[in-house]
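The chains carry the letters A, B and C, assigned in the order they are written, with residues numbered from 1 in each.
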């Protein structure tokens, strides 16, 4: 009984928070139309969180190396778009309820695609499975590309778009997180984790490995599909190019960077990686984007390499007290920044380097790539490793033996 | 005549031209402490793999409680009541000790996966129930104090005991132990000896074990089958095995 | 279903064009094979999918381009009073520079991005590889010439073609065509006599008008006969440069085979391929072997890049490595990743498969065929065509 009270209260709390945020964002956009892109960023952030957490279910929790997650996103998007284009005019539901229908439609379509790929996972392992998932994504993309009724390379227009759907996106992300987290709390989730750790042993313990893998693929891809459907309805236009291989890689990177299997890690890495290419957008002064000179770039690159090398050495080889270690790392990073400024000034004296400039915006993908490499070099097991947040782990230890605590 | 719990009837498996297990037959009655011994490469582990469904027998029958199980998938066999440990430990390394044991309990789950997704009260209750059972089993193998440690961080002897606890969590009728004492020091072996006896006497399990350490097997098992080059060369109580000339020949040079 | 199958309705199978397509496929397949070798060798020693290999190829393309520019083959250079001329030495210089630059890049990537990750999980190395690949693509976009570039066609001195006739048209048909074209020629000459070129219709004599009428009929007839002769005969046209490209690729593969099978380095490579741990315990300098592997693999990609952009004339962009890299990678898996002859076989099969897809008229699906084949192969032979799949020991 107590469980239900807590559960209902937390659901109400979530709804209040989500709709509060929605109205806050709408107010922001109503005040200043040019802030529309912040609303859009929030939508995309929610979608990427959903994508990363759902891939984490397949990749991190069940250990099936899938690198074609964008294909499920795409299947969902096209299913949702087709559904809206053919049925929106005759449906009796309002535009809000319709979002649920579209998300469900996208989820079902992507779930079927997930089932097909999941069946392959029974025969293939590791890299080979990865390649098949990647190939599956490309095949779907090329098929769509060649279908005139899906808009081909020009993309598919959705006449009845709904660009006030942030709340639905956020609810989907929260649902996805909740489902994955709940799963991990129960013996069912342990079976998933067991399959990741050792298939032979888990099957000897009576775990139906086939069912676990296929379920993971279906559920993971269904969430991605729902996210795709919401993207389509929000944007009003979807093109095959939105779902290229690098989107899959980006999602995969979020999962690995967060720490495979860690849901909180996936969420944080998703927000971080998604936002890195967006930062330069805000580096604008007087309507003009910041300029970077060749001198700064060169100095930055040199200092980055040196400080990454030093940080890596400190992490791997310094065995003194944690405090000094942290201080050293902070010192190295600070030194790197100061070094960049000094070296940049020196290089600025060389005309060739000082005269060539770039917009910061042009560097966004380079930022992303550099962050990836640096984070992987410094912390290859991902931000959180296999673990969830520190305090959550502490809670878990406290909760041990006390039934029924902390439902979501 | 009662049907034996497990009965191998001329079970045979060939890999290409190699016959790894050749027409091996033996019966295990309920409550037996049964030993399977033989020199390296005799086909002992392959025998286990046949019984637990990892391999499908080329010919011959494997009957469990009177019904054929040859070629059934491993997870179905575990559900029927046979569970095993592995020669080279196969725990779930990054799960905690108690979670490892809870995976063993998973096959008795009654809630469906949707209640797990939504964390319904049924799923919560089942989780706690499994956790309590797992803790009880960890008490038996004396691992309760490290229940929250990562399985990979345990020392070797404890990992072996954890494997036994995990297999016990499936509540099997027949427990297969693949070289449970391998790599243990004499004191750990002594503890293991007690654990295995307790499993049989207190939990009324039937145990089939493979072991290299003759003293350990002779002191523990009541019936023994000896394999060599995939063939059964002797069967009987320990005293008879000890004096069997064929066995002595197979183990030439080793103290029997 | 109808909609999905609609492209199949447009299928065309002109068997006369088949040999040409097969030859094209084999020729481009040799390039795929060269790049696939890099993937397969790295995978063999490190069990790492080197996603940056496609970008090494892209850098090779630019290296070849810049070398050609340095030798004067720029758009303005070709318009100059005395344009530079190309010969085999030019090509060799470009090939050498391209291979050297790629080796250097490959070894650098290995040293600074992959080596620190060697003791980490494979997925972490994979992410690093993806990171390096993105860095090279977008870094390239910053620093390299902004538009897509082509190496000047004049760099390739072997632009003339060889034509191989596989089947002659029937003699009677050819005779008929000959007669018709002679008649056409005669009519043209007659018309030229009767009317000065550029004359208006109103100025022409009635006879000239009649001849002109007859000429147009004859032209139509001879054209249709020419088409018939072409349809009835089967021939293959190959640019000489592409043959040289194919031969060079073969020579490189033979050299590679020699290195792998006959030299001490090759033996060490095979040892590491077989068992990384044991090899290092047996005193193989694993680091050096890996460096050599990256050096050789990247040099092959450089050679492929130079030849692809010179002889095939493919356009060069900072993203040129992505599609080709994926194809070559699929080719490597197709043949059995980690297996050197497998990569060659896979590359050539991939080229042929692609041109067959174009041949049946599904050119929109050209890039998908690679993956379709791949999935089918992996499902029926998970180790690839020439690979072996290991069974896990319990």
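Note that in this section a contact is a pair of C-beta atoms (placed from the backbone, for glycine too) under 8 Å apart; a residue touches a chain by one contact, two chains touch by 3 or more.
Keep in mind the model is a prediction, meaning the values are calculated, not measured.
Visitor: Find the most central chain, measuring centrality by the gap between its CA centroid and the centroid of all protein CA atoms shown.
Guide: The chain sitting closest to the overall C-alpha centre is A.
Visitor: Most remote chain relative to subunit C, going by C-alpha centroids?
Guide: Measuring from the centre of subunit C, the most distant chain centre belongs to B.
Visitor: Could you grab the centroid distance between subunit B and subunit C? Build each centroid from C-alpha atoms only and quote it in angstrom.
Guide: 57
Visitor: Could you please state the distance in Å, as a whole number, between where the Cα atoms of subunit A are centred and where those of subunit B are centred?
Guide: So the centre of subunit A lies 43 Å away from the centre of subunit B.
Visitor: Averaged over CA atoms, how far is the centre of subunit A from the centre of subunit C? Could you give it in whole Å?
Guide: Here subunit A and subunit C have centroids separated by 36 Å.
Visitor: Hunt down the residues of subunit A that sit against at least two other chains at once, touch-wise.
Guide: 200
Visitor: Can you list the subunit B residues in contact with two or more other chains?
Guide: Correct list: 54, 86.
Visitor: Quick check on subunit C: which residues sit in contact with 2+ other chains?
Guide: 394
Visitor: Across the complex, what residues on subunit B touch subunit A?
Guide: Per the touch definition, subunit B meets subunit A at residues 52, 54, 73-75, 78-79, 83-84, 86, 90-95, 99, 102-107, 109, 111, 113, 116-119, 121, 123-128, 130-131, 148, 166-167, 169-170.
Visitor: Under the stated contact criterion, what part of subunit A meets subunit C in this complex?
Guide: 65, 120, 123-124, 127-128, 130-132, 134-136, 138-139, 142-143, 145-147, 149, 200, 245-246, 249, 252-253, 256-257, 260, 305, 312, 358, 362-363, 365-366, 368-370, 372-373, 376-377, 380-381
Visitor: Can you name the residues of subunit C that touch subunit A in the complex?
Guide: So the residues of subunit C touching subunit A come out as 3-4, 7, 47, 49, 112-113, 116-117, 120-121, 123-124, 127-128, 130-132, 134-135, 137-139, 141-142, 322, 326, 329-330, 333, 337, 364-365, 367-368, 370-372, 374-375, 378-379, 382, 392, 394.
Visitor: Over in the complex, which subunit A residues touch subunit B? Could you list them?
Guide: Where subunit A meets subunit B, its residues are 3-4, 179, 182-183, 185-191, 193-194, 197-198, 200-209, 215, 219, 386, 397, 400-401, 403-404, 407-408.
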